[in-house]
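In what comes next, chain A is part of two complexes: it sits with chain B in the first one and with chain C in the second one.
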Partner chain A sequence: MDVLHWDGTLSAKDFRVGAFAFSQKWESLNSGFPPWVWVLSSKHPWLASPEEEGYLSLEKICISRPNEEDIDQISQIDTGEEEIGCPGNEDVIDDATLVQSSHHELHYCDFHIVYSSTFRVPVLYFRSYCSDGRPLPLDEIEKDLPACSSKELSKSKWTFITQEEHPYLKRPWFKLHPCGTAEWIKLLFLSDTAKPKFEVVLELYLLSWFSVVGQMFGLRTPFKISN
Partner chain B sequence: MAKEGSESILQFTPLQSSVDEGFWHRLSFLKLNKFGIDDSPILISGFYAPCSHPQVSNHLTLLAESLPSDSNDESAAPPIIRSNRNRCSVPGILYNTNTMESFQALDKQGLLKAEAMKIWEDIHSGKAVEDCAALSRFLLISFADLKKWNFHYWFAFPALAFDPPATLVDLRPASQWFTLEEAESVSAACNGWRNSSATADVPFFFVSIGSDSSAAARHLKDLEACQHDVQKLLFAFYDPCHLLNNPGWPLRNFLALISSRWNLKTVRFLCYRENRGFADLNLSLVGEALVSVQPGWRERQCVPNAVGWEFNKGRKIPRCINLAKSMDSTRLAISAADLNLKLMRWRALPSLNLDILFSLKCLLLGAGTLGCQVARMLMAWGVRKITLLDNGRVAMSNPLRQSLYTLDNCLNGGDFKATAAVRSLQRIFPAVEAEGVVMAIPMPGHPVSRQEEKSVLEDCKRLNDLIDSHDVIFLLTDTRESRWLPTLLCANTNKIAITAALGFDSFLVMRHGPGPVNPNPNLKAETETSLAAGIDNLVLTNTDGWHRLGCYFCNDVVAPTDSTSNRTLDQQCTVTRPGLAPIASALAVELLVGILHHPNGIFAEAEIANSNSGGNFELPLGILPHQIRGSLPHFQQMTLVGHSSNSCTACCSTVVSEYRNRGMEFLLQAINHPTYLEDLTGLTELMRSANAFQLDWDDEIEAADDECVEL
Partner chain C sequence: MEAQKFVWEGAIPLQIHLHESQVTALPPPPPALILAPRIGYLPLLAPLIKPYFSSTLPPGVDTIWFDYNGLPLKWYIPTGVLFDLLCPEPERPWNITVHFRGFPGNVLIPCEGEDCVKWSFINSLKEAAYIMNGNCKNVMNMSQSDQLELWNSIMNGNLEAYQRVSSKHKLSTVDDEYTSLCLPKAQQSLGETNLTAQVKTGKVPVRLYVLSIREDFDDLDEMPLVDSWRDLLHKSTI
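Moving on, here comes the complex of A and B:
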């Protein structure tokens, strides 16, 4: 098999192998970020599967720091009925509690790299939330992305965000839709002047893939693809 | 930054909560499937870790794993604690109420005191030394509104309050307090503590430094044993807070333990914080606190006062989070449906106008084989507002061919189709706005008695109103006559009308042309002057050379001798090849979408399928034909064009103006007198002359064999 005849996809086994290679490389180069963790998870726990099924996880990455004006908008609903407070003698001022002035509301993001057996490519799932755990809707997440990303999202036919059920966690997460991945990955490798061998391509698959999709979130990987 | 000399009150940074969405999902699941209305307290776990970032504090986090697992045992066993170095597990208790009122009525003081008592007990019994995570025990009250998916909640982190409060003698970054050698050794010791699986999740410990500057990190229970060669002793704890001037909340109960258990008045403490997984002595703080004698603390029964309800943006009120977007199944269905359509637009059809489809109001006349399929196709295209009109009931043979019905609808005489169809649509997609109208369409040539007249005219009026209030009308009935009145009404108001008709093995799908009344907006300028005389005197604009496309009935007239082949179509044709209805219905809806995306809409000219056109279309959806006729035996389909006829019984200007002038009276006449319409339009005259011609032809038949020409 050579790159020319390759369709840009990856087998499940190659994904697992590539995932470990990717997380190791990440750890050695990206001292600013926590490591990717492989989460063992099975879609079919009743099958005695000898294979390790799972996904890569990188969580609680802080992606933004909105300014003070946003804080009022990030408010809860039903504040009318919340006026119950705490009756009784606890209202005595406790001198030992530090009273903090306005908080900067921070947004965090969790990333999961999951293998899609339909498209045979890795898929980036993500979700974003405030420091108290409140999930953020897509329009707020898009505000936190680097400026070039929102342009990319609206015009590129290869990058768009959809909301779907996380295949393992069974809750709605966002993901970068994978239908174009095989196409552009193949182009990426074909245009690589180093003309890597196919085995090398498989090893570098996740690195190359992430170096493109990670940029959507401002997660730059500081290594070249051909190396 | 060092604080020295001044003995200010030691102020602790409150712990903050963070609840992962998964916790609420799990709580909802348990509430619905396990707990029901049982509101006894639930043992849960929270997780926290030392601060790992110089500008951001860590929180006490609740995850899905914080709640009990799925096991069926009835005991209130605490959940399996899966802690690791990044998630130190601490015990907590959850009071989840069944109503908002009971949530508000909870005795918050009492609950806080009860938890404080547990901590106090643990301190006195020594359990807190063995299992020190219990010092950070917490309380959570909540009310889960599982209809609106609003979760009201409030955390309390009980802290035993010193009275008088402890004072701070000194506080500075650890790197400024240790010597270089000591710092190195302390870092190593702490890293060792953090890396060992036995101690990684133990959030309180002590650090002893010998005379040789070597440091060791040890369990609290080893404190009394370790007395030799200790130069410095610090009480260390995982500090989630990042601030340089204040220690974190866990220190409060730690101080309570230290002072009451070991009777120390001066406590040297280490707020342990990390960076990238390693001890960070610049971020970590070393401080000295002075604890004065607390009257009554010797007594076990005397529980100190407790504080700790979490502030919500500076106020002592509960928090609320709404998760409808990710938990309400209807919302999820809606967003999935929207996604599907958006994918179509993003990937293949950028000019797809989804807004027009979402806001479109469709009226389906007939809820049979065609009506059911058209309704489903419309929903697939994102149309949400659908009205179905049918006066029939679901019969036993219907479910096989009419895709919205099942056997249940046939029982007890059969449900009304219109209402059964609506229910079915709602089961498929809850967000559909569907309505059913049980009504018969008045038909010409089916005379009505005097008594029925009033109700028939009411039906006419009702149909008129329905057509007025919708944007698109689908004519999907099974008789030709029932299509007449809707055609007239649509022609009168220029509503988009689409007809589908089935023969045994052939079908017709067509869009009606615009009516004769309001001309094409492009020609408006020219006709406006001629309209000066008033609406009643409208002239068919055919004279301008602009041909309207025909309606279903125009066909009959344009080729009078050909009408035999057309008449087979839906002359009470209840038996058709099953494949026809789905094909015709699908084409009808696709035709509609084409009209909606054409800049001229109902006024669009007709195009025919041309084998030469290849893939290059002017419009992204392809051509917009007038009529599609299909034949199953040939597996063939043709696109045809038919222009309107001046003598059309349904849409010619004569008929439309009669209707405008005389309204219900005209309708009644048409309904009651079978030949009235043909007389009115001059069709009778036309037929008479055609027949006359034919007679002549018969006379000469022998003489002109080789000149015979088919009409």
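Moving on, here comes the complex of A and C:
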């Protein structure tokens, strides 16, 4: 397949190959994150599926950032060396500790990378919840996202993130709308002057894709492209 | 064109019962009888339904949802499709239950009102556009007023307005490249010597819903009740 004439999409089989390559590369990056797990699942278990179907899963990732107000308040009250988030320190004024613990609840996120047979690209599904399992609505999730993502969201809220039924779990999850994916992924690869072969593109597809979409959640993917 | 007009004018008679947990005054209110357009969505009927039951509802915030025989109904599936899927032996009127409280958020995607339904529709439209053209540009580039006009045409069942906006944005039938190949075959099989009208075939994007039934039955009215959405799958194609 000639990369120049490629439309940026993947077949279901390509997705599986790419998914395995991605999860291997992810582990080798040693980024401090747990590994991506391939979950074997079928959308229609009553049909004998000739191919293995499934999706990639990365769960219980802590995405909450300390509330900025709290940081200001704490730094105003603390005059010196006390670190933020040091509950055992006797010198920290009780008010500051209380303020932090009541606002700074830990939020977690589950990410699933699912193949869309309509758009022929990977789609990022996610859900966010508190440490007690309570699901978070979109406006609360937004507060955990980096500032630039919130700006994108406020510009085009519904075209960017939508709430839909998870294709395998059949429950409401959020997803990043995939309609522009093929185009920007193609640009990403074509801008590489080395014009790689399709096999290489496939190996790097999901890593490159996630390095872009993961940034929405402040997840930076450190990687070096080795040609 | 005829088929499209037929579908657009179709309606399902509904007999809507208020769920017993929401009845605060006895005797319980009689069910509401509403004719719902096939090309429509159940939550859009809220302004018609609420007046029937508003006096008996418990206090609080209303988020409307429906169930059929205990199965919460997915509000983003058009009414006609829901009916055809769950009631193949048509029940007239279709008896469904309305709730204004206790939205099952772990099963159904939240629906806060007309806007939610509209965006779900626009997203489906994007999917259809993608299948037809390989991209969603025509939908993304639609002006706000066109989007609104398209949505209003669905809400009001106005086929002409819908066709006006959709053809402007290339959302009508996709020309089939096999039209010219079909024509000679049609002439042979029909045995007609004078086919002056061009037989034009076209393609439309479809979303196919398949419900699997695991038990045998002889008649449609013996079909076991659908008690979960687990057995429903859908796929979009052209």
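Methods note: the second predicted complex is superposed on the first by the 173 of 227 C-alpha atoms of A that agree within 3 Å, B and C clash if a C-alpha of one lies under 4 Å from a C-alpha of the other, contacts with A are read in each partner's own complex, and residues count from 1 in each chain.
What we mean here is this: a contact is a pair of C-beta atoms (placed from the backbone, for glycine too) under 8 Å apart; a residue touches a chain by one contact, two chains touch by 3 or more.
None of these values were measured; they are calculated from a predicted model.
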Exercise for review: Give one of first, second, both or neither to describe whether A:177 is in contact with chain B, with chain C, with both, or with none.
Suggested key: both
Review point. Touching A:163 in the superposition: chain B (first), chain C (second), both, neither?
Key: both
Exercise for review: In the three-chain superposition, say which chain, chain B or chain C, touches more residues of chain A.
Suggested key: B
Exercise for review: Considering only touches as defined above, state whether A:134 meets chain B (first), chain C (second), both or neither.
Suggested key: first
Practice item. For A:193, decide between first (touching chain B), second (touching chain C), both and neither. Key: neither
Review point. Which partner does A:62 reach: the first (chain B), the second (chain C), both, or neither?
Key: first
Practice item. Name the contact category of A:7: first (chain B only), second (chain C only), both, or neither. Key: second
Review point. Taking the superposition as given, does A:106 touch the first partner, chain B, the second, chain C, both, or neither?
Key: first
Check your understanding: What is the shared patch of chain A, the residues that chain B and chain C both contact?
Key -> 135, 162-164, 171-172, 177, 179
Practice item. Under the touch definition given earlier, write down the residues of chain A that touch chain B in their complex. Key: 31, 34, 62, 76-79, 81-91, 94-100, 102-103, 106, 127, 129, 131-135, 137, 157, 160, 162-164, 169, 171-172, 177, 179
Check your understanding: If you look only at chain A, which of its residues touch chain C in the complex?
Key -> 7, 43-44, 46, 117-119, 135, 158-159, 162-165, 170-172, 177, 179-180, 182-183
Point to revise | Of all residues in chain C, those that touch chain A in their complex | key: 74, 105-110, 119, 122-123, 126-127, 130-131, 134-136, 140, 210, 212, 214, 229-231, 233, 235-236
Point to revise | Partner chain A, residues of chain B touching it in the complex | key: 9-14, 16-23, 25, 53, 56, 59, 61-62, 100, 104, 108-109, 112, 150, 152, 159, 161-162, 165-166, 243, 246, 252, 276-277, 305, 307, 309, 312-323, 325-326, 332, 335-336, 339, 342-343, 346-347
